[in-house]
């Protein structure tokens, strides 16, 4: 019997892997991918709660999340392309304009 | 109703002149003169009422001006013998001086302005006279200060006039500082500002004696300022920068007497505080002597008269202090006549000679017969020669001082009488007789000026008879009603009268000996005392250089230094510095590396969850 | 039976996720990401949410993945230029991540689900596409519109960002 | 007029004018001025209407408008005026009305933007004085402060960047503390009743714990006190005045400083009566620094705007003293002085601005004998100077008198120093009058022109007339103010209205 905890633990581990990706990798594309991993982990827990609570709210939210994620990826990658054109790099460490 | 009319007619005139007739100079003067004459005519009715019934009941009218819980302030009028007397003095002398001014100020720049201010002054003065409560008297007290300021500074293009105006206002403010505090003390104790109500409470013994003492002294501060008593006497001589009619009306006859009037108004207060009365008496006596001595050594005709005014005011205040309230008021009345006369006559001389220095005059009696005669009559009255008005009033004061065992003050009074006689003689002889040192061709002033002189001279001569001790009812018994502690029956003391007459004659004789020669300059000028007096005992220098320049401005400079160097640097720039430095430190955390921020954020999440979620 | 499938999907998903963040070649990472997405879609099926599974595949596997691959190809990213695998903040980052797992795990272990059950029965949930549609157009119509707008803005924004300025 | 949202009209007509002005061409100056004048005259008209229509017998908040805004947080658009706010609204409308005329003469470039910011600011001020909702109060408070930044920064004179920066930062800094206090009250009140609301009238009915009141009163006092300005946080004000253009100085000293005092009265004292009892004696001491220190510093300053600036902080000291008395007389005096000083100081800055615009200097010793060249301005300045030094017949006298009488009961020592302050005021005012307007005229000021046209003279005439009217017949305002003061003071002194009725 699968319990809610199963899904939540899965979601937690997946989320942590996403964070680890964000914090550890230099390549912005990978960072963006890690963000997607985090989105997915959240989706899992939302859907799981929704299922075990027999309500629809969580599922509806997953739909929204996916939409937002899609938008985010589109904009994020567009920014990435624009930045790359300017700076010829996709490495986070070389993008430290915010310091100034 | 009449009292309201009397009060507001001059104000209406002032407003009218300011807004309507400013361009038509003649019309302005007519409006102003008309207003004050109308006031005089209107005040005849109350005077007749008083003459018919010396024990008249005070007539009080008032409307509420401020009315909130705990504070009720009225604007009202109070007609009692005291205010009716003052009403008469102010409107009568005022009328004459207004008429005189029409001639004297002829051709001056700002003619309308002059008359507007004069009307404003009459309004304010009548406000003081008719006031039925302390707040109102304070209001008009300040307003006479304003009109005095405006009129002293009439020739505002002259720095000396501007300075004198400023000085007069500020010195008066210092006195008023005490005055208003005194009013507060009384209000605190009684809960009302109304004179009659306060008197009732006083009579019932509703106020502790120490409070009365403090209140009396503080209120006396107001009188010190306005009546130019020591140590605030310095403004009055400088106030002579104003046009001469102003000196006559405001700085001799009426406004400066307001302090004495105030003491009379609040006489019950002093009655219950003999200690305060002593202070009043000694300050008055000292001022009288000081001013008389200074007057001996002055060369400006107006200043001599100004110091004699100071001296007379000191006399009046002393009278109030030794318990001679009616005597003080009597002196005030006669003084108003002869001092106004002296100033106006002096103005007439100045008008003819275009100088104020008595050493540039001399031998003009032949040219200025009317002026000269009236001036001499005024001088005799001032010196207190029998039977001129000054004699009677002065005699009454001296008698009271003597009979109330104030022998020291009595001696001072006698001394002042002597010195007064001396310097008035000096003034008369140096100005009108002796060697002619003037330039140009002086001729007598127009009749618009001389007629008031003659009328005033008449009163200066005869007004004293109203106060002769052996007629009944005399001056004192009419106004004794509202006064307390100084009821009229002093009788006639032959010793006092004889002594004062003797010293006056001595003074005149001495003056005659010293000055009835063909003199070019003052024969006493080498004297040390003379020099000291000539420089007014250095009071002005002391106030200007020490009190104002060092202490007053010094505090200002210290505070300004603190402001610039402490408040601005510490509070303002200090905060800015703190912020900037904190920013510099915190800026190091801004590495610009995205992952640093993300790391900190996640760490923050861990900490938050740890604190709020798990623990 | 379901439990077995759950473990299979979960383990594959986690393994591919780890692969995503640890492989150097972005193209490979993208492929592993797709694998992970597919596993999540499968999990949605296990959660009785076929609609979500479909959306997951359409949007993530279909659209997002393609975008990633395009980006990787357009930017011509080969292997990472840096020799070392970890950079200087990595040790702290790992500690923090472990800490995060620990605290949330602690929360999970202590937590207890006591929220009231919803009104949908098991049967209704299976055919939840209808319910989803109904809710989206009634109760959640306002967020739905906002999210649509957001999508539009994102689209416009992306185009504007990438578009080269005309000379 | 029944049913008309009068307060909204007063408040929104400047705002509406702002919006209209945005669509007007920069060049059509006449139209711009016309819009500004008509908007402010609408406000003025309605402000005078509420002054006379306010039902003194009934008291309390009148002309109330209430619209729910965010129900879940308890925020509503809630306007209403009591006696105190009526006086302030009238003051504001007079100052802005004349201020528009003064800028008519004084502002030469970017006229449109100037009016937009000016009107925006004023709308905020009206909002503060009429809001009965804490959120809107704070919102309008910021709306009144922020436009100062561009107004001084763009149209200011010497040292304007420094001044505007300092001013805005100081005021925002203060506002934060006030906000903290407001929020604290909101949450505490919500916890007490279970119903969270920002409505002042609702919160006013509660009585907080005494200790709590003491602690929350302090940040409020500080926050609003910075704007008053309470010494030693006053230094933003003279420098701000000095740099600001005339109309802005007028508003700033005439109205903005009163926002602080109003905030203390309405929120700090009104909602935290026991806090007021605890802290106001401290204020009574601090205000002496304002009065005395501000006065003597004003005395040393040669720049006339600085002089008036310090003088303002000195006079606000009297307001604080009046508030600290916590009795009817002093409070009435304080509110009336806020009104009188607002008018007087607006007049002062308008006059100095007028001279400065022509002579390009404000140093008192640069001038001499201007009365020959500009008699009208000289007379107006004299009236202002005498008003400032508390001469009877002008509004300031009545209010200062009431403050002194009220204060003498509670703080005799402070009163003595405060009364001495009027000597100091007279000193610097008369010195300025003498140095600038009296004595011989100087050849380099031959080109100066007096205010001769109607537009030039109009604002001064209006302000002087107000000073005289209130000075001669103070009851016109006091009777209204008193209806607001009595319940407030009763509340602070713990006299319940029921107990009073029984007496």
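The chains carry the letters A, B, C and D, assigned in the order they are written, with residues numbered from 1 in each.
Here is the rule we go by: a residue touches a chain if its C-beta (ideal position, glycine included) is under 8 Å from a C-beta of that chain, and two chains touch if they have at least 3 such contacts.
All figures in this text were calculated on a predicted structure; none of them were measured in a lab.
**Student:** Looking at B-C and A-C, which one has the bigger number of contacting C-beta pairs?
**Tutor:** A-C
**Student:** Taking the mean of all protein CA atoms as the centre, name the chain whose own CA mean is closest to it.
**Tutor:** D
**Student:** Starting from the mean Cα coordinates of subunit B and subunit C, work out the distance between those two points in Å.
**Tutor:** Whole-Å distance between the two chain centres: 94.
**Student:** With chain centres defined as C-alpha means, what is the inter-centre distance between subunit A and subunit C in Å?
**Tutor:** Averaging C-alpha atoms per chain gives centres 6 Å apart.
**Student:** On a C-alpha centroid basis, what's the spacing between subunit A and subunit B, in Å?
**Tutor:** Computed from C-alpha means, the inter-chain centre distance equals 90 Å.
**Student:** Using Cα averages as centroids, what's the distance between subunit C and subunit D in whole Å?
**Tutor:** Centre-to-centre distance between subunit C and subunit D: 59 Å.
**Student:** Subunit A: which residues touch two or more other chains?
**Tutor:** 19, 23, 93
**Student:** Which residues does subunit D have that touch at least 2 chains other than itself?
**Tutor:** Residue numbers touching two or more other chains: none in subunit D.
**Student:** Would you mind listing the residues of subunit B that make contact with two or more other chains?
**Tutor:** As it turns out, subunit B has residues touching two or more other chains at 595, 599, 602.
**Student:** Every touching chain pair, please?
**Tutor:** A-B, A-C, B-C, B-D
**Student:** Please give the residue numbers of subunit C that touch subunit A in the complex, ascending.
**Tutor:** Those residues of subunit C that touch subunit A are 2-3, 6, 10, 13-14, 17-18, 20-21, 26, 29-30, 33, 36-37, 40, 43-44, 46-49, 51-52, 55-56, 59-60, 63-64, 67-68, 70-72, 74-75, 77, 80-82, 86-87, 89-90, 93-94, 96-97, 100-101, 104-105, 108, 113, 115, 117-122, 125, 128, 131-132, 135-136, 140, 143-144, 147, 150-151, 153-155, 157-159, 161-162.
**Student:** Please name which positions on subunit D make contact with subunit B in the complex.
**Tutor:** For this pair, the touching residues of subunit D are 166, 232-236, 293, 296-297, 299-301, 327-329, 332, 369, 371-372, 386, 389, 391-393, 397-398, 401-402, 404-406, 408-409, 415-416, 419-420, 422-423, 426-427, 430-431, 433-434, 437-441, 474-475, 478-479, 482, 485-486.
**Student:** Can you name the residues of subunit A that touch subunit C in the complex?
**Tutor:** 1-2, 4-10, 12-14, 16-21, 23-27, 29-30, 32-34, 36-37, 40, 43-44, 47-48, 50-57, 59-60, 62-64, 66-75, 77-82, 84, 90-91, 93
**Student:** Of all residues in subunit A, which touch subunit B in the complex?
**Tutor:** Answer in residue numbers: 19, 22-23, 92-93, 95-100.
**Student:** Would you tell me which residues of subunit C are touching subunit B in their complex?
**Tutor:** On the subunit C side, the touching residues are 89, 92-93, 96-97, 99-100, 103-104, 106-107, 110.
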